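Here chain A shows up in two complexes: once beside chain B, once beside chain C.
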Partner chain A sequence: MDNNWRIRLRRRFRPEGDPNLVRVRRRKAIVSAFSRRVTFLRLILLLVGYIWMVALPYPQLGRGIYIDENALQPGQVNTYWGWGDVHNSDRYLDDLERLRDSNATSEQRAQYLDTEFRKIGLFSSTQTYQFTSQDINGTNTYAILSSPRAPGVEAMIISASWLSRIDDGNGALNLRGVATVLALAKFLKQYSLWAKDLVFVVSDGYLDGMQAWLSAYHGTIQSNLEAERLEMSSGVVWTALNIDYPGHSFSHLGVFYEGLNGRLPNQDLMNSFHVICSRMGVPVVLYDHLDPRSYPDRRKELDWLPEWLPGALRNDPEVRAYAYNARNVWRHVVHQASGRGSGVHGLFHQFRIDAFTMFALPATGPHGFHALGRVVESTLRTSNNLLERLHASFFFYIMTAPNRFMKIGNFLPSAVLISVAMMFTGLKEWSDSGWTQETLRNAEKSTETQAPGWTRRPRPVLRALCIMISSHLLGVATYLLMNSGWDGQNSIGGMLVLTMACIFAFGVSAVCSKSDRGGAAPIASVLKALNLCFASTIISATTVLNFSLAASLAVFLGIPLSVSSTSKNLPLRASKFSLYLFLSLGWVLKHERLNWNWEIMGVWLLPFLWIVYFPLVLQAGIVCLL
Partner chain B sequence: MSKRVVSAPHDLTTSSGFILPALVAARLALALLQPFDLTHDHHLSSPLTSYANLQEGIYLFKQDIDPYSGGIVRHSPLYLTLFTTILPNSRFSAALLWTLCDALGAYAMMNIYRARQGIKTSSRDGLVAAMYLLNPYLFLPSLALSTSSIENALVLLSIMFASQRKPSQTLLVYAFLLHVSLSSFLFLAPLLLLLISEPFSHLASPRAFSGDFKKLPPLLGEFAVCFISLTMASTLISGGFSWIGQTWGASLTLPDLTPNVGVWWYFFTEMFDHFRPFFLMVFSVHLLIYIAPICIKFQYDMLYAIFLLAGILGTFKAFPTLSDPGLFLSMISLFPETYPYLRYPIVTSLLHLHAALLLPLFHHLWLSQGTGNANFFYASTLVFACANGAAVIDCVWAGLRIAIGEEKEGIVIAQE
Partner chain C sequence: MHWRPACLLVLGIFTSLIHGTHIAEEQFEEELVIKSLEDGRVASTFTFTTLLKDASPRDPRTLALEDDEPQHYTLFPLTLGQLLRQYAITELHLTLNAGKWKYDSWGYPVAAGVGTGAELYAWLADGAPSSIDERWQGLRNALAGLFCASLGSLDEQRTTSPHLSFPPEGLLPDWDGLPHEIRHASHASEHVCTENLTPFLKLLPCKSLSGLASLLNPHRMFDADWHGMGLHVLWRPEGVEVRLNFQMVSDPLRSSTKKQDWSFSSLYDRTVVRTCPVAKSSRAVVSLPNNGVYSIVPEPSTIEAGKGRYDLKDKKPDETLDIQMQWGADFEYPLTSPASLVPFSVQRKLHGPTQDRGQLALVLQNHGSETIKVSYLETMPWLVQFYLHTIQIKVDGVRRDDLISNISYVLPVPHSRPATFYSILTLPGRSTVTYTIDVTKAFLMYTEHPPDAQRGWDLPPAVFVLLDPPSGGQHVAAQGFRVYSPSLLVDLATPDFSMPYNVIIFTCSVVAFIFGSIFNLLSRKFVIVRLDG
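After this line comes the complex of A and B, so read on.
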C-alpha cells in the first residue's frame, strides 16, 4: 500500500521514457496553457487591480493606528499651558487684528512680530524674499529658543503662515495661528526641559514665505528666488508643527499631512498627535472632513452619498463607513498625486523634516487657545523625547480615518497588478508581432494536410524605438517651449503644442507607411508592445515614490494604452487619434497652476507630464494612425 | 544571420564615417558643460574609481605624504604618477581625457569587430561605435570622471591588440589594466589564448582549440616581465609596499562598504565579523571558477569567452560601477550572429529598464528623501544583478545554440 503510493508519486514527477522529451513536453504544455489564457489572465489582473483600487476605503483593509517608536511616549506628561497663556494669546491677537485693520504691510507686520519675540527674550530676526518669476514677495519672521539642555544640533519648528489654508491661501488670515505661535514662544521659554532648539517661524504669504525661509535655512539655491540670508541658524530640524487657526473657535483639529511630490511624514508623529488629542479630549479628524455619522442633523452637507440611493443601502453602517473613508482617501489621492501637498507643512518634507498641519476646524466651539496650546505643548514634549530619527518603515501608508490606516502591502498591489496586466498585454503583442501564419506557401510545399505553420518574421524594433525616443524628445521640446515666455498666453502655447503633436504624429505615420517593408511585422504592433512595456515599468516604479500618482497613471494609461489599435476606416482612425490627443493634453488646462507649483516649489509633476505622460499617450495615438 | 539585425541598422551604414567623430564631439561638449556634478554618485563611481579619491591621492602624493597611509586612496600608484607628471590634472583636462578614453574604447570596439570579421572596414562600424558611446551605463560614469572608464578603455584596447595579434602591445596594456584593477585577472587566460588562436567567429562551427600551446610560455614570460616591472615601478613611486594592500587588497577584503550597484556591499554590512574572511574568500573564488569552464566550452572562440567573462565580472565584481555591466552590454554589438538565437531578449531588456529606473529611485528614497532604507537600494541592486545575470545566461545560450542551426518545425533542442 505504502509502496504503491510512492510509485505513483514518483511516476507523477518522473514519468517513464526519455526525461528530456518529458521536460520539453511539459514546458510546451505550460507555455501553451499560459499563452492560451493570457488574454483572460490580463483581463482578470486589470479587473482585480481596479476593484482593489475602488476597495481601498473598505474599512476591513485597514487597521488601527499604533505608536511604533517607543521613545515617543505620547501624552505621558503634565501640561502647564493655562488660562494666563490663553490671555496672552488674546492680547497678541488684539495686536494682530489692529495690524490687519490698519492694512499693515509685510514689513510692518514682521517688525511687530520681531519686536514681540525680542520682548519675550528670544533671538529673533526677519527675512525678506522675492520670487523673481512670479512677482511674489514678503517678509518672514523667525525666533530661536536655544535648547537649555543640549548643544543645539537638533531643532523643532513651530510655524504658522500669515494666510490660512482654509481657502487655499487666497486671503483668509491665520491670525489666531500666529497669535498661538507668539504665546507659545513666551510660554515655552519658561521651561528648561527642551533637548532640541525650538524655532518659531511666522512665514509670510501662504506657501511662498515658508519655501523662501526653508531654502535659506538649508542653503539650497533656487534660481528664481532672491531670499535674504538668515542671520541665525539652528540645528538639523527633525519635526515641524504647523498651526492653522483661521476661525473664532474650533470643534475639531484636522490633520493635513501630504507633502511636496507625494512625500509623507512619518506616521508616528501623527499617531502621537492623535493619542495626545484623545487624551486631552480634543477630537481629531482628517483634513476638514467631519464624520457624518456623528452629526445626523448635518448629514445633507457632510455626506456625499446621493439621496436617490435606497435607504437600506444609504443607512447601512458598512456603506457609511466606506463612504466616509472613501472621501478621505480621495482627498489624499488628489493631494498626493498633484504633488503640491496639502499645505505649508508639505514644504518641510523636501528637507527630510516630518511635519503636518493642525487645522482648527472653524466652529462656534467648544475649543480655543486653551486646548490648542495644551495639545501643541504635549506634542512638542513627545518629539522632544526622540533620540534618533523616526523609523524608515513608517512612511508608506494611507490614512483612511483619523484612527485607521492602510499598510503598504494593502494598497500597493492594486496599481502593480494593473501594471502587470499592461506588461502582459505588451509581451503578448510583442510575441504576436514576431510570428506570422504562413498559409499559402506552406500549402504549396506540404503534401500532407497539416495546420498552417507559424514562421518568424523580423520586427522593426529600431524604428519603433526611434519613434518612442523622438516623441519623448518632443515632450522635452514642448516643455521648454511652454516654460519659456508663454506667461499668460497658455491658450496660444496650448494650440502650438497641439499642432506640434499632430504634425509629429502624422509625419511619423507618413514616413512609416512609406518605408514599410514586406515580411516584417507591422510597426504599429511593435510600437504598441514597447509602449505598453515602458508605461508598465513607469507605473510600477512610481508606486513607491508617489502611490497616488502611480494609481492615477494606472487609471489613465491602463485601459487606453491596452486598447490602442489601428483600423482600416479613416474617420475611425482620426477620431481614435483625437481621443488620445485629448487624453494626452487635457491637463494643459491646468497648466498655469502646475507651472506655479513647479517654479516656486519644485513640484516635478509638470515636467513629468510633459516628458513622460504626454509622449506615452501620443505613442498610443500614433499606433492608431499607423 | 538574422534578417532583423542586418536590416535594422541600414540607415546608419551610410553615415558610419562621421558617426564616431560626431558622437565624440557631442560627448566632449557634454563633459565640458558639466550640467550636473556626478562625481559623488554611488552608481557611477566606487571608492576604487572615484575621482574625488583620486584627487585626494594626487594631492597627498604631491605633498610628499604617503597616500596609502590613510584609508581613502585606493587608486594605483600608476595613476598618481601619471597625473602628477605627464597628464595635466584639472577639471578641463579631465573632461578631455575621459572623453578621449571613451573615444579610444569605441575605436577599439570598432577594430575588434573588424578583426573578428576579418575585413578592413565594415558597414556596422558606426553602429558598434555608437553602441559604446551612447550607452548610458558607460557615458554617465565617464561624465562622473570615474576611472572605471579608463579601465574599460584598457580592456577594449587589450582585446583589440589581441585580436589583431600584437602580443607585446596586448600584454603591456593588459599588465597596466591588471595593475589598476585586480579583478581584470579574469581576462588573463582568454586573452593569452586569443593571442595564440584567432578572433574569427567559430560559434556556428565548434572545433577543438586551434592555437599552438607552445607559443604560450614566451607570452606568459613577457607578461610577467611587464607586470613585475610595473609593480616595481609602483613600489618605487610610492616608496614601499603599502600600496598593495590599499589597492589590490581592497577588491579582495572589501574595506569600504560605501553602497554601489554590486551585490557585495550589503551582504558584508549584514555579516558578523568572524564570518567575514570566509565569505570574502567565497565571493572572490566564485569569480574565478568561471574562467576555466567558459574557456573550455568556448575554446573555439576566445573573443566570445572574454565577452562572457566581462558579463560575469560586471555582475559579481567587488566594487562595480555602472560601466562594468555597461561594457558587457555594449560588447553585445560585436556578436550579431548570435542575435537570432537569444531566447528572451525582451525580458532582459525589460529587466534592465526596471533596474535603470529603480536604482536611482531607491537610492533617492534612501539617501535623499529618507523614506526608504538600505534594503530598498539593495533590492534594486538585486534587480540589476538579475538583469545582468539574465543577459549573461542568454548570451551563453545563444553562443552555444547557434552551433545547432535554425530551429525546424517539430524539433526541439532539449540540452546543448
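After this line comes the complex of A and C, so read on.
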C-alpha cells in the first residue's frame, strides 16, 4: 500500500519516457497555463496591490515599537533640569520677545544669541549666508560645548529654527524653542558626563538657515549658496534634536521625522523619545494629530470619519483606529513623497545624521519649559550612550500611531505587486504585438476544426524606443527651460510646456502613421509594452528609496498606463490624449514650490517629475493618439 | 655587603654599557605649576623628575653580551630601568591624554605632548643583534604591560619615523657613529583612566603617600576637562633623566559657581599633609594673575616674574598645605573672542559624507602680522589615503600653491604601513590659509573590522611645529614647540554586523543564482527534441 503510493507519487513527478521530452512538455504546459490566465492574474495583482495599500493603516498590520539598540537605555537616568532652568528659559524668552517687538534684523538677533552663548561660557560664532538664486539670506548662530575629556570627534546637535513649522515657515516664530536651546546650553554645561560634543544651533529662517549651516559644516556648499566658513567645528554628528515650540504651552509633543528625498531617521531614536516621554508623563503624538478617541468633545474637529457614515460603523473601535492611523499614514506619504521632508530635521539625514523634530503642540496646558527640558535632557543622555552609529535595519518603517509602526515587509509588497502587474501587462502586450492571427485564405475551404494559425510579425522596436528617448529628452528640455528664468512666470512657462508636449505628441503620431509599414506590428502596441515595462521597473526600484513616492507612482501610473489604447474615433482619441496630458502636467501648478525645494535643498522630485514621470505619461498619451 | 666587590668588578668590565649602578647618585625633584586660564579654567601640571647622575644609555652593541649588571636604584624606578636596559633605549616619550587641548584659549601646555590618546616615540641606536623594529616592538609590549594601556596596538600599522618633527630632546650618545633612529606611533582612541594612573604612581619614590603626588586623586584627575600623563626618559650631560608629568585642566565654574576660586581641596579634594622625605626639592608655583582682585592663602614664600613659589620643604610637619586662591568678583566670560595666545591656530576636518571618498581640510590662521613657517606632519594610517596631486592651498579664497614646500611623503602600504606626509607651510601675516587634499577611504577586509561596537576609526592628530618665529615677537618660546591638531574620526564602509545571518543568506543566494544559471548554460548540451502533436 505504502509502496503503491510512493510509485504513484514518483510517476506524477518523474513520468516514464524521455526525461528531456517530459521537461520540455512540462515547461510548455506551465507557460501556456500562465499565458492563458495572464489577464486574470494581473487583475488580481492590481487588485491585491491597491487593497493592500488601502489596508496599510489597518492596526493589525503593524506592531508595537521597541528599542533595538541596547546601548540606548532610554529613560534610565535621573534628570536634573529644574525650575531654576525654567526661570532661565523665561528670561531668555523675555529678551527674545523684546527683539521680536523691536523688529530686530537677523544680524541683531544673531548678535544677541552670540552674546548669550558667550556669557554662558561657550565658544560661539555666527554665520551669514545667502542663496543667490532665491534672494534668501540670514545669519545663523551656533555654539559648541566641548565635552570634558572627549577628543571632540563626535557630536550631537540641539537646534531650533527661528521660524516655526506650525504654518510651514510662513512667519510664526519659534521663540520658545530658541529660548529652550539657550537655557539648555546653560544647563548642560554644568555636567561632565557628556561623551560627545554638544552643538547648539539657532538657524535663521525656516529651512534655508539650517541648510546653509549644515552645508558649511560638512564642506559641501552648493553652487547657489554663499555661506560663510564656520569659525569653529566639531566632529562627526550622530544625532540631532530639533525643538519647535511656537505656542504658549503645550499638551503633547509631536514627532516629525520625514527627511529630504524620502530619507527617514533611525527609528530607535524616536522610539527612545517615546519611551522617555511616557516615563516623564508627557504624551506623544505623531505630527500634530491628536487621537480623536481621547478627546470625545473635540471629535468634530479631529476625526477623519465623515458624519454621514452610519453610527454603528462610525463608532466601531476598529474603524476608528483605522481612521486615526490612516490620517497618520496619509500625512507620512505626503511628506515623504514630496521629498521635502516635514521640517528642519529633514535636512540632517543627507549627512547621515539621525534627527527628528519635537513639536510642542500649542495648547493651554499643562506642559511647558519644565517638561520639555526634562525630555530633551533625557533624550540627550540616551543618545550620549551610543557607542556606535545607530544602525540595524531600522530605517524602513511607517509610523501608524505614536507607539505602532509597520515593518518594511508589511508595506513594500503593495507597490511591488502593482509594478509586477504592470510588468505582466507590458509583457503580454509585447508578446501580442509579435504575433498576428492569420486569417488564412483557404480557411473556409478547410475543415472547421482547423484553428486559425499564428504568424510572427516584426516589431518596430527601434521606432518605439526613439519615441521614448525623445520624450525623455523633451522632459530634460522642459526641465532646463522651466529652470532658466521661467520660474517667475509659471503660467507662461506652463502654457509653453503644454504646447511643446502637444506639438511633440502630434508630430510623433503624424510621423509614425505616415511611415507605417504593412505587416509590422502597430507601433502603439510596442510603445505601450515598453512604456509599461519601464514604468514598472522605475516603481520597483523606487520602493526602497522612497516608498511613498513609489506608491504614488503606482497609483498614478498603474491603471492609466495599463488602459492606454488607441481608437478609431478621433474625438475619443483627442479627449483621451488630453486626459493623459492633464495627468502628466497637472502638478505644474505647484512648480514654484517644487523649484524652491530643488534649488535650496536639492529635493529631486522636480527633475524626477520632469525627466521621468512626465515623459512616461506622455508616452501613454501618444499611444492613444497613434 | 659581600656583593659589593663583585658588583664593582662587573662595573669595571662594563663601564661603557651601563646607565645605572648602585653607586650613582640619584636625585628626585617635584614641582606643581598652577595657572588660571582666560576662559575660567585652571591648569595644573605636576612634574616629577628623577635624575640618575653620571649614567648613560646602554650601548645596543652590548645587547649581544649577557647582561648581569645588577640595577640597584633607590629613587629611580626599577621596572623602567630594566626596560630601558633590555631594549637599549636612548630616549623615550610616552603620553596618554584625554580631551582636546585648546591652544587658542589655554596657550601652550607646560609639557608639549598633548595629542589626544596615546603617543609613544623613542630614539634607539642600531647595532644590536636584534633590529630596531624588534626592540621597538618589545618596548611597546613592555610599556603596555607596565602602564596597563593598549600600547600593543601601536603596531607596524601605526609606526612611522618622523625624525624632523620629533627631534631628540636630550643628547644622543656617539657610539662610533652608530645611527640613531626614531620610532613613533599614536593611537587616538586610547583612553587614559585610573588603571594607568596606578602604575604611574608606582614609578614615584613616594608613591602617592606624601609630597605633591598625594594630590593625584583619580576621582578628580579623571573628572577634569582635560587630563594627561607623560613619561619622558632622556640623556643629558648630567645623567639619565626620567620625567613623569601629569597635566590637568579643571573647570571651577562647572558646578554653577560664579567665581574662579580654587584651592587644593576644591581641585584635587586632597591637601598636602606630609612632604616626600627623599625629594631634593618640592615646590608649588602659582601663576599670579595680572589683573583682578584676588587673595592667595597662604602667602607664597617668594614672588618673582608674576609667579608665587611655595617650598614644601619649609612646611612644618604638623600643618597641611592647602593653597587657596579667591577672587573678589564673579568671573565673566569674555564677550568677544580674545586674542589667541598662540601665533597660529589650526582646524582640521575630514569632509565628505560618503564612505569611499573625502577631503581632508586644514584651516590655519596666522594671528601675527609677520609671515611664519610651520612644519606639518601627518602620520596617517593606510585607512585614509591621500591624492597628492589634489593639494590645494588658498589664502582668503585665492589659490596659492607656492605656500607649501619641502614635501616628503612615505607611501602607505595597505594593511601594513601608514603614510608619513611632511611638508613646510608658509603662513602670510594675518591670513587664513586653507589646505585641502582629496582622500580615499579604504575598504576593509571583514577580518579587519574590530569585533566591538563600531563608532569609526580614530585618525591620529597632525603635528605642527613653528619653525622660525617672528623676530622679537612674544612667541620666541614657541619655536620648536609641537602643536597637535584635534584627532579625527573616519567612517569606513562597514557592513551591518548586527545581522550577519541576513547578509550571508542574501550573498549566498545571489552567488548561487548567478553561478547556477551561468554554469547551467555553459555545461548544458543543447539537443533538438521533437514534440509529437
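Everything below uses one rule, namely that the second predicted complex is superposed on the first by the 611 of 626 C-alpha atoms of A that agree within 3 Å, B and C clash if a C-alpha of one lies under 4 Å from a C-alpha of the other, contacts with A are read in each partner's own complex, and residues count from 1 in each chain.
What we mean here is this: a residue touches a chain if its C-beta (ideal position, glycine included) is under 8 Å from a C-beta of that chain, and two chains touch if they have at least 3 such contacts.
Keep in mind that this is a model prediction, so the values were computed, not measured.
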First, second, both or neither for A:L264, with chain B first and chain C second: first
Which of chain B and chain C A:R352 touches, first, second, both or neither: both
Touching partner for A:L387 - first (chain B), second (chain C), both, neither: second
Chain B versus chain C as contact partner of A:V24, first or second or both or neither: both
Which superposed partner A:R459 touches (first chain B, second chain C, both, neither): first
Partner chain in contact with A:S567 - chain B first, chain C second, else both or neither: neither
First (chain B), second (chain C), both or neither touched by A:S146: second
Which superposed partner A:F534 touches (first chain B, second chain C, both, neither): first
Touched partner set for A:T115, first chain B, second chain C, both or neither: second
Residues of chain A contacting chain B in one complex and chain C in the other: 20-21, 24, 28, 352, 389, 392-393
Contacting residues of chain C [partner chain A, same complex]: 39-40, 98-100, 102, 116-117, 188, 222-227, 251, 253-256, 332-336, 347, 349, 351-353, 359, 361, 363, 452-456, 458, 486-489, 491, 496, 498-499, 527, 529, 531
Chain B residues touching chain A - in the complex, by the definition given at the top: 2-4, 7-9, 346, 350, 353-354, 357-358, 361-362, 365, 369-373, 376, 409, 412, 414-415
In the complex with chain B, residue positions of chain A that touch it: 20-21, 23-24, 28, 263-264, 352, 389, 392-393, 395-396, 423, 427, 430, 453, 458-463, 517, 519-520, 533-534, 537-538, 540-541, 544-545
Residues on chain A engaged by chain C in the complex (per definition of touch): 18, 20-21, 24-25, 28, 71, 115, 118-121, 146, 148-154, 189-192, 218-220, 229, 232-233, 235-236, 350-352, 387-389, 391-393
